[in-house]
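Heads up, the thing below is written out as structure tokens.
Chain nomenclature is as follows: A, B and C, assigned in order of appearance, with residue numbering initiated at 1 for each chain independently.
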């Protein structure tokens, strides 16, 4: 029987009854699955919105059957109005950045696996954990309400720049109540995320099992931990910003609205506010937010890659330190979203240097991933394919960032499709590939069944090719000067050549989107009919594979684990094969090589 | 499947690079005096980004091809030099690029933002509002009349809210829906936002600058080629954002003088 | 605040060493350490939020329409009340006896000081409300000028956090008084830390308002 050095009280009683087990659960595993489910709904909704947007761009007068049911005003007769395009654009961005990319790689997988990977029975604060999910869920409901109010969702983009977002209904459709619902939803989301981040940090610092030193934590745990530290600071700044925005909209204050604005022929009764203040507050949150979106996927991919390579990375420590530097630097670069915003041009230069510098740890990580593949024994399965695909997507997206980091180049590329291509590749694709990889990898542990690998490989192939077909052309459009957030292309230079490219993108988007239903089918079917999974189907080393699939309510039963090794003992001669598990007392013998 | 991935990746990498290499989607010609610095910087970055992109994708494809489905018993190998080599390579390679581009970039950025406009630069004011641009020239007295937001009356074409009845300076201001400038003369553009954020973007001029409500911003440029060039809005400003544009009409100095005389006579 | 000790007697499986012993040794469990980390993380977050408000204030203060307001003098008295409440909660904390778990029977004095703390906290809130009334009487509302806007926003945000603290403290008082329950001492300590923090935060905000407004 294992013993612990520090007495551990059971964090909460075993759950009884349906509501306690599956709805208002204190169990981090259930909460993780709830976050995943929410992200799944949000991603399909966001994807459907993007289809509508892409269809409108290439066939603006097409009647979309059923669209007028969603909004009589926004799409009379099924034909989308320019303002409704902007509403869909705003909701697409908001759903994807907040409810998918912050929820899935971080809140969902982090909640499920962080406690297990460090040998804990649950998170430090299970009640706060439950609260954080339900607050996030409420935020989602508040946001979705914008679709059903008569005026519709806001049209100011997920970035909600003032004064457009602050002056109220004069700014346009959806800007009376839709924008306020946005503000309320995001404020709630901040609170949910802060509670979650707090939980992750306290758990990582204080609930590690005996022998689990910080440097023995898996890379995925480190990624969730670093992400939580970033999130704690970032969301703490977005919340006040949203509060001030709502006050400007409804209480007549002038935090962001200057004097003398004439909107819709009405002189606005505000004065002295600063639109740039909103941008600074928003991007001080906004830039770390995109690292919150990518870091967990970097950790998940590293974790899966090592398992599928059957050998450790060239240096896990360097990868961890690189993630830390990225986290640290992420707070110094927010101004690169504002190079041509009218802020002091000296500041623009100042912000560009740390922005360029972030390339260094990102390059280090990429080189380590690539270098580790050399001489490996790569096992190909759905999870490892997405992990390898992540590397490709991260390189592609990262490289375009290098252009945008330079203010003088940004003069030309800002506000064009080049930017949209960049952030979709890193966030919309690379980060999502981390989620896919994690799903295929951890599904057996979470459900006790295997996902269908053939369907997974098909899903990967179509998604990998499709994502490049969609987003690589965005860069070419940007180089030509195609501006973003346009509901139609009426500029002189948008000739048939460019419109064919747009058609190609739209068709690729529809096909790639359809392929996601293969994934959804696989997920649901396997949950009920998948082949039974053993405790350790991937011959992996970390603590989650030492417990049953699916795990009991208290993870490790009555045995508190003791950790003897670093997390990646692969390529060694162990009792069970070419690996030694973290909680196995056997000494690892390095295979002759 | 690993081999399939490798082949697909190589095809994608080469297919992605092809439009760039063949210059199929080229930037429009540069008609400004400072633009060549930006273009040079972009080309330098494209080389470096392109080589990094191709290098990384091809290496990834190669390693996946070679190291999947290996014969049973093949030994595991470690990349020579290990992590240290990678860290040093990253710092050297990226560090050098950052320095080179940073130095280049300062010149390009500075030519737009850190040089003062010439004293005889042509003064024009641009006003951006939902969803049109209007431009105004100071007229013979060289002074702009004050803007009174409460006097704006689009129906009577008082776009700027001028008060010519009570203000002398406002009487000779020339208002135009086009930005007409003479070639090869520096223009100082004073930027005023009427309602929400907008932006001034002329691709050929290699200029992009946001209008910020409440802030008086100015940029300067010199156009070198006669012609009409689109001015488009790149800052989301509402439902008409996609359609908000005007024209930069670069005329020869003689044509410009003729045009200005006609405008002034019409005031 | 954090995961308090479970209610079901069978679920708590503490080894003997951590039971309140005659020697008064309090074994720190991982749950105690986690809740201590939790409160410091929470305070860090609140600090960062007020830092964001502060920077917004500094940016806004640079404009010409800032205006100067005279702060109601009741604010000084409110500050005094809040700082006293920090003292009373600290005395209460030291008077609550027992080891790892608070023993309600032996903590009569501690409970009295706790009630004083609650009273002072509520009095502070009432005082803040009166300060707002006085400002309104002078015609200074939320949107009157940016100065007044920030005053209302900062004081309101602070009061909301204090009300939360009062609610938790009331709940804890109830827990201590209900003698068949036991309360972890570390939980009480965390609430005290939060309370002191709100006092320090108020001194900072008041100073900021005095300097800037």
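One rule holds for everything that comes next: contacts are C-beta pairs under 8 Å (C-beta built on N, C-alpha and C of every residue); 3 or more make two chains touch, one makes a residue touch a chain.
In this text the structure is predicted, and so the values were computed from the model without any measurement.
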Touch-based graph of the chains, sorted into line, ring, star, complete or other: line
Chain nearest the global centroid, as defined over all protein CA atoms shown: A
Chain located farthest away, centre of chain B as origin (C-alpha): C
Rounded Å distance, chain A centre to chain C centre (Cα mean): 34
Distance from chain B to chain A - Cα centre to Cα centre, in angstrom: 30
Distance between the centres, which are taken as Cα means, of chain C and chain B, whole angstrom: 51
Per-residue multi-chain contacts in chain A, two or more chains: 259, 273-274
Touching two or more other chains - residues of chain B: none
Footprint of chain A on chain C - complex, ascending: 2-3, 5-8, 11-15, 17-18, 27-31, 33-35, 37-38, 41-42, 44-46, 48-53, 55-56, 59-60, 63-66, 142-143, 146, 149, 153, 157
Residues of chain B touching chain A in the complex: 1-2, 4-5, 8-9, 12, 16, 19-20, 24-28, 37-38, 41-42, 45-46, 48-49, 52-53, 56-57, 59-60, 63-64, 67-70, 74-79, 82-83, 85-87, 89-91, 93-95, 97-98, 101-102, 105-106, 108-109, 112-114, 129-130, 147, 149-150, 152, 154, 161, 193-197, 199, 201, 203, 206-215, 217, 230, 232-243, 245
Of all residues in chain A, those that touch chain B in their complex: 81-83, 86, 155-157, 161-164, 167, 171-173, 257-265, 267, 273-276, 309-311, 313-315, 318, 340-342, 345, 348-349, 352-353, 356-357, 359-361, 363-364, 366-368, 370-380, 385, 388-389, 391-392, 395-396, 399-400, 402-403, 406-409, 411-412, 414-416, 457, 461, 464-465, 468, 472, 476-477, 479-481, 483-493, 571, 591-593
Chain C partner contacts - residues on chain A that touch it in the complex: 6-14, 124-128, 194, 198-199, 201-203, 205-207, 232-233, 236-237, 239-241, 243-244, 247, 251-255, 259, 271-274, 277, 280-281, 284
